[in-house]
């Protein structure tokens, strides 16, 4: 049983903790945070299924006042685990790394951190092997993780040499008050970092892209224009078959009721998934179209939970629990129930 | 064990089914619907925890094509239960009633139906006794249900003779595509039906109100200006203490992180509540203010789930499972875990 | 001809400049700003109808690069005018005041500044006489300005001793990217500052209120519960007649097509008003309802332009152009064409 | 002087009327509508700058009650003009056509009508010559009009043989209450009609596309991936220079303050343009990126007003006022002041 700790119990941290708990070959030792946030209060109301450790600067008296039991310090937690998952706010991970290094503990960082924090910029499908035995890994961001799942899927099967993406980005998570957009679309300087990141992970693919922020909270939608390697034609049917075979891609149709990003959230809630989370990206069958040598399609990215499976993969790669992408991702998928619904 | 059926497996119907399942003195026999909606597909993916019955006009071949097992007809379901919960779309309940009458089965209708469908317009706290033994009851709508909880709370304790309410209404549920509003507030003709409905349930209170629709999906916010009976002063502390003692009211503060309606949704998700549902209304301690003889405050109404407890109360009243409001609501609260968090 | 300058050419400053231009007994000398913002670029594209002066810290080379003519420094402007209208960002006005004092020039500040910046906290209808000859005045904020128009209207006619307000606040202006809210309502600690401000301007009225932010850009909606002085009954018809007689209140109905705040914006655009601005508050005839001794109604506040008329009034009061509220506001109304539409 | 009538005085009809008024070689005879809408009421408040005619089914007594002068019937209007601009709601134009045919009057229909209503599906730049002398023309929709401007611009200069577009569609206009979307993105079946329409107008280009609706009101954003004819490389600089030379394309940068679609609306309001309208599409210099043989960029489409210039072009083509695209569009641009701002 691999012992795992989670630093930062926010939107991602909570889901990492859940994800680890579902892996039968891992054990969640505890989580660390700074303030008695709503998420920590909810943990208390749930009866503390996980132990809580406090990071430096935390005021323990605030936790005591709320009768929230504290198990120890961040250092205590780091001392008890085989690997840390760091989902602290962007820029904090690099500071936490000092502790991990001191304790000789490997760590997986999330997308908010700079690439330089890690030895390997990681994706479970596209470059698992690079992560084997690596001490510090950084996951791709939510958009890039989902995007690469779909591009890697086509690339493995048919070869891809060029993609142009349009990211229609949800601007905030449900419950966010610290950021937001009201009745406006906002454009970023091109190329988007997701296109650049894709090229880092998949260096044989040329990528560019434009990102537009939209005032919604449920899932990014990305359109992808992909060019078959050396102009090789990928038909709609070829793409569809490949996507349907992937365990982390849900192929759906508009006729079935999947009208947009909010339908996926609704469906995940109706499934009874904790928090209405979904690990799979959605892919609309009705969006796949051909244009000359290009194939175009649209995917839905559940931003809060999409990186959880690839983070589990990262643990498997770093600790050499499985030796290649196929067996590593299969193990993660098995414990998360991915592909089961087909 | 009281046997219960649910007609209409939409936003409310799903939650009624969950609610009944939690009542240890009730048993959910099954649910009835017309189409293989996303919610029915999710039920299938979950392994059919409830049996499905088809209402007239349903095309069974569509369910067969999706391998969704069908247990029987709507009439079959009605024939097996002690009481029906009808959450069919507005206007359909009155048609379903013909079947209920034919089978001699009592029923509880939801707020979308006309008052004339029922013998008693019902609220678990404010008029439980009127529902005792009644054959057809209609629940107040989500806004009215939550509003009355808070007004009844003050009225019981101190006496209220007048309220003026402002309803800041969420315009759609998460996942809705059939209705919506974009960058606009929309006003309804005053007085709002919620004020009128309150007077039907609590005839000794004079009520008026204005309703404004807002383009959000997470919870209505209602402000209430209440006037103590015969001008009796209700202080902020008196009101606060009464609200805190109520099992279906969560008193929170902005400082704790409850910044608005989205915070409640976030908190309920973090609690791991199925679908991120919450049965309690929220009440901001920092919103309670006095103005002369008036007391003013704001509540948050989780529109998807707020009527579930009062519907359980309605079953208890109709079937005389408990003889008065205090014992009826206490039993519902016990099974739903309400008040436990305090 | 009274010579006027405007400091800060943002959302409010532009409209102040327009407003002064329409007053036939005033002359706009120029406007002052810091950066070549979109608004300054638009001024250039329009052919510089107003002269531009640069405040301290401005980089003139940036204006030169865009061929935007600069007429002089902020001090130059202040030296040429009889009065300054200060619509600089909140907190900057107090610094600007040093210059005004040095030059012996009176000034009118907008609502973003602290009350202490001014000798008189001013509203054209409710306390014009207090502003007579005052050197430094501060306007009420947009919400308070519109709110007081309606409360003062009833108070003059019938007497009001108590109000409880609910402010449904638009969270950003069209074009704002520096603030916003996405799919959330946000509540402020009660009582809202608008209720407190109303009591400062109208000390004989007791006021409280709750404010809720909503993710829209077109106009605040405020509901008002008003109590007749000493319990005197104000009927719906009495209130309606008084509102209809007011030159800065547009009484409309839902049936006519005024469904919400966005309808006013649409109507003002269709009128050909520059920027789609409207000086009047809107008041829904269908929102006026009685509840015992209370009268309740809803108004629409066009946040970008509503303070312009009262700011013109402030110039008139400060410079004693007219000696009382009736004649001062009448002159402003005449030049702005207010009341003409009736 | 060419005499022009406008049928349907809604969002588009009002702007067509304004556009015709600005053409010094045309005269607006009047407009026709059915109900005293807010737009008609605004026309009345403005003093009836245009004459009003009533279409069949209109209830004249409603106009009389509001003292809105009526000049005659729709047939009267058609009898007085050289050409009709039909901006009636989708599906009504085909019925109006019977009247136009009876009177022997040519007409230009807007994008909401079916293609079969017209002899020629028209764009002022891309196929002006096909419209020469044609009796019935139909304009491309707002998205397609703006899209084609940019694609035609590159095609003329360098040759384009393939485009893949992503349309990030604003879902409603400011003031709309009859449609809307709340906190959701909605996807349409691919390929989008705009891609198909582009191929009808520019048959030598292969096009596909995906459309996603977003809950905003200010301007669509379209990303375009364009492939040089026969793989000819179009560099960023080549594209930029071509776009900058176009009179109906405004090239802007994020650094200048054009952060998204709402910035264009803000800028047009600040310019004092009636209703905050803009005839040009916006094109972000910072969005232009190369990817192999492809060039990618993003444009902003001001949906309410973008088709006005091309509709003026259509009048010119139909009545042979100018004999080719270059001279026809130049004349329109001159009267609308397009290109002047450079």
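Chains here go by letter, A, B, C and D, matching the order in which they are written, and residues are numbered from 1 within each.
Note that in this section a residue touches a chain if its C-beta (ideal position, glycine included) is under 8 Å from a C-beta of that chain, and two chains touch if they have at least 3 such contacts.
Keep in mind that what you see is a predicted model, and the values were worked out from it rather than measured.
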item: Chain whose mean Cα position lies farthest from chain A; value: C
item: Selected pair, greater C-beta contact count between C-D and B-C; value: B-C
item: Length of the line joining the C-alpha centres of chain C and chain D, rounded to whole Å; value: 36
item: For chain A paired with chain C, centre-to-centre distance based on mean C-alpha positions, whole Å; value: 47
item: Rounded Å distance between chain B and chain C, as computed from the means of their C-alpha atoms; value: 42
item: Where chain B touches two or more other chains, by residue; value: 174-177, 182-184, 186, 215-218, 259-260, 262
item: Chain B residues touching chain D - in the complex, by the definition given at the top; value: 171-172, 174-177, 179-184, 186, 215-217
item: Touching residues on chain D, where the partner in the complex is chain C; value: 14, 37-39, 41-43, 45-46, 174-177, 182-183, 218, 256-260, 262-263, 265-267, 269-272, 274-276, 341
item: Parts of chain D lying in touch with chain A, wherever the complex brings them together; value: 161-164, 166, 168, 170, 183-191, 206-210, 212-219, 221, 223, 225, 227, 254, 259-262, 284, 286-292, 294, 296-298
